[in-house]
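Next come two complexes, and both contain chain A; in the first it sits with chain B, in the second with chain C.
Presenting the complex of A and B:
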């Protein structure tokens, strides 16, 4: 009854291409070759090419030291910091779909993110991830210090790392205002009041009173760094918007750029930590 | 909706001048106020002006050089009795170009001064009109640059699409005689051009940067005015020790306190780190929730980390009988200013 069909199946089985042939057909097709410029990573050369010809992987060392993959040595704190940064970027972008940085809506949007939006844990992920990132960044710095990994030729990467630490703290600080509750308002009031005491740039800072000619002060409450930071004389809606833009766009862009440099330098300065 | 910055460009230009001439600073009357940012911008514009002056100087020097060259060429021609038309022609061309540039600079200068007078004629002060003209000159420079770039692009396009009319003419010339055209841009002049391009790029970048800096200082802040009417004095309750009125606490950050002698106004900004203390009626004190600073009803600090008393604001009785408060004028206890008129309004209801 199914003779014809059976015969056809037999025929197809006899002529079926081997898995090897399918693999080769794909790997030698134009699509594959346009993306991957090297063969299977089965030789040392191809393994190196796999890393070098990938924009993300090429920031990494081609080879890692044995000590570089020892958890007891690195604590994996740099990797964890980066993981948390990625996590914060994803959750942060998701939060941006609901959050409006205005005095009228900001607080209620934060409440709604917890009460009315599915996956109300999203904001908590962002918040706890931020706390965790500050901790891992500090621990990373501590580890790098304890293993002496700041020594030549890694001095410059230490400096970039310090800038990244400051950017992490600034991200934390700017994000602090966004819930727009009493804690946020007064914490930012207290924190930004320090800017008034910046040397020369803050109107209560040392040297600011020297910047005057004929009795006209150059640095006043309306022209100092504190004013530029807040967009006014005190924490207001203008401040909320400024901090929102700094938090969501400016500082992450700068941080991501410096991170790329940081990782690249790890590779160029002799791989992950360890003696040279 | 206050703190307009009108006229600050002008006064800061005076400042920029005064930085160069301290004596002028003494002589000048500093009526306006200037901010750091507008001073930066003014200095940037002044930099452009200096650059223009330098270009004018170069033009004049070039002109003199061309003139000397043509003189020398004439002398040489007289000495050797040989025609040196080519060199002479070059010098003449240079002279023409130089004269043209000089005239252009002079015309711009005249335009500049005329606009200055015109602007003063419509009621702007000298400093204001000066700054306006300088800004306009900057914009005009940018516009000229823009037009020049468009011209270059158009010329390039025209050269690209026009029919090869020169081709048969070139074939008529003997190959040996044709050779390479004399280079209009030599290695040396290219490096000089590169230098100028670099200077221009740096100037433009600095100008753009100062503009971006200025961007962060809005001309208007949507904050409540520092000077406001606070209603009629009889609407305030009072007692021998004083009653604290909080009706302007949220909007204007001040407490109005009335006792049997009269009124005074206290700032609600804690002198420690700027939080707002609460008035605790039962304890008769202002208590800051942030770090625990305490103030008596007079404003004097007595507990917590606050380093000094709360400042008082100016309060007077205005002509219409209302209280008028000016937060732009502060009286600090530690400076002995609480006895000054305006720090306390004598009013016995």
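Presenting the complex of A and C:
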């Protein structure tokens, strides 16, 4: 009864395609070719195609200065900053699944992330990644400075980089509040207290008392920039919501947009810098 | 042993800390040929690690330095140290070549173009994996800190800003919030943005060098290493309850009392110098000496110095008036921090201008 089947299998074995043939069959197939429009990148043409035909890789030029791709030159810090930003985006989204930005739940959601998830390291990846990103951004700037890479024609990209540095710090700062523990609340209290002293815009800032109309002060504790930032007189639930929205939506969008400009300009300003 | 610990604690105070770091910075610039030699640098690293290791035997030091949120500061300090070395090492090697009429090392390979796939993509790929694994190990090894639930009813002492702002918080000792928390940070941002427009030196673009860019590198590194990184270190490890200064091995005693009797410039001028009372003076009149001093510092001093100094005159000619004026203003603003520190330590000077009625204290 099985003889026929056995024979069939043996026949198939005899005509078994080589791994090479399987690979070719896949690589020549319609699905594969619709995704990758070039062969394995081991020839100049395919290497060029690999970069050109991939939306992510085409951030790069096709060719780069040999001196510019060395790690001793770039320290890889810009790239690592971007990698950490991606890591923070992914872990941040996962954290948002569980975290509710209210005074009632915020702290206990964080406790649950630690206590109720076996080997749960999402919050750790997010927090340590954030600290690491602050450091890599500083080091990237340090490297760009030490190689004089801000010099013409790259002046404006340096300016964008400074804005990205500030945004990185603001992202970290707004995120610092979200665990809603003592460390968070008081660090943000110390930090945001500065806003009260903003000249003209903060009610304890120089010049604010001069802004009056008919003896009525325009800048008071309930109408100054500190109040706008916190959504109240103190760090409170309103602050938590504001910082949450800034942290998860607004600042990342601005930062991502500026990153696109930053990377694009690296290319347009002549690629990674090098001696003339 | 006790004696040694007390001795080290007594050695540490804001004054010695700041001057030691400034002297260290000067030595770093001056002896760059020496310490950038790998064997020498290795010895420095071993020395630092040995001190750190020995310090771990001290309970207080261990408690503060192994707080999980302080770990990034060690990462920051060591990586900044390493990359300062790496950039100076390459700069020194290049400077040697440049002085012999050779091009910088980067020049040898800069004309050769390589394919991004694979030559750059594989570097990015491997860096990503290494960084990802390192981050995971770090995350598995150390819990993210979580203290008690937030309550407005209890203020921790000390209350510290996130670590990357501790340099600014340290500035609060010397300047009021409107300066330390608003104006100076804004000036740091604007100043950083202004760098490429002020620095007209065409040399040193795209390679490591020190000699060709001394004027740019020294102020930048002074700001970054001394006024930013070392102040963060100070704020993290040496500032305890009441924002008082504590030695590295000193218990953080919340009841430590530091005698503070700081005096305003107006009091120095009217009361101590002229023997008058100041309570009835109009605030603007009262603060005239301070305004005069500030006016001289920002408006009078620059032309005077420029006339006297050949070096500054040359700089003015090279940069043009607008660039030069911005540079001098930013430079004087940056110098305002160390100057105020020294005035505080030497004369207990509180405010140069003090009109608390309108929160205008400098």
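Side notes on the structure shown:
What we mean here is this: the second predicted complex is superposed on the first by the 213 of 276 C-alpha atoms of A that agree within 3 Å, B and C clash if a C-alpha of one lies under 4 Å from a C-alpha of the other, contacts with A are read in each partner's own complex, and residues count from 1 in each chain.
Note that in this section a contact is a pair of C-beta atoms (placed from the backbone, for glycine too) under 8 Å apart; a residue touches a chain by one contact, two chains touch by 3 or more.
Since the structure is predicted, the reported quantities are computational estimates derived from the model, not experimental observations.
Looking at the shared chain after the overlay, A:220 reaches chain B, while chain C stays out of its contact range.
In the superposed pair of complexes, A:264 makes contact with neither chain B nor chain C. Of the two partner chains placed by superposition, only chain C is touched by A:75; chain B is not. In the superposition on chain A, A:233 contacts chain B only, with no contact to chain C. Once the two complexes are overlaid on the shared chain, A:150 sits against chain C while remaining clear of chain B.
Touch criterion met: A:198 reaches chain C, while chain B stays clear of it.
By the document's definition of touching, neither partner reaches A:36: not chain B, not chain C. By the touch criterion defined above, A:186 lies against chain B and chain C together after alignment on the C-alpha atoms of chain A. Chain A residues 186, 189-190, 193, 234, 236 lie at the interface with chain B in one structure and with chain C in the other. On the side of chain A, the complex with chain B involves touching residues 186, 189-190, 193, 211, 213-220, 222-224, 227-228, 231-234, 236-238.
Of all residues in chain A, only 41, 44, 47-48, 50-51, 57, 60-73, 75-76, 79-80, 83-84, 87, 103, 107-108, 110-111, 114, 119, 121, 123-129, 131-132, 134-135, 138-139, 142-143, 145-152, 154-155, 158-159, 162, 165-166, 169, 172-173, 176, 179-187, 189-191, 193-199, 202, 204-210, 234-236, 273-276 touch chain C in the complex they form. In the complex of the two chains, the chain C residues touching chain A come out as 69, 72, 75-76, 79-80, 83-84, 86-87, 90-91, 103-121, 123-124, 127-128, 131-132, 135-136, 138-140, 142-152, 154-156, 159-165, 168-169, 176-178, 180-183, 189, 192-193, 195-197, 199, 201-209, 213, 216-217, 220, 224, 358-360. Per the touch definition, chain B reaches chain A in the complex via residues 3, 11, 15, 18-19, 25-26, 28, 30, 32-39, 216-218, 221-223, 253, 273-276, 289-290.
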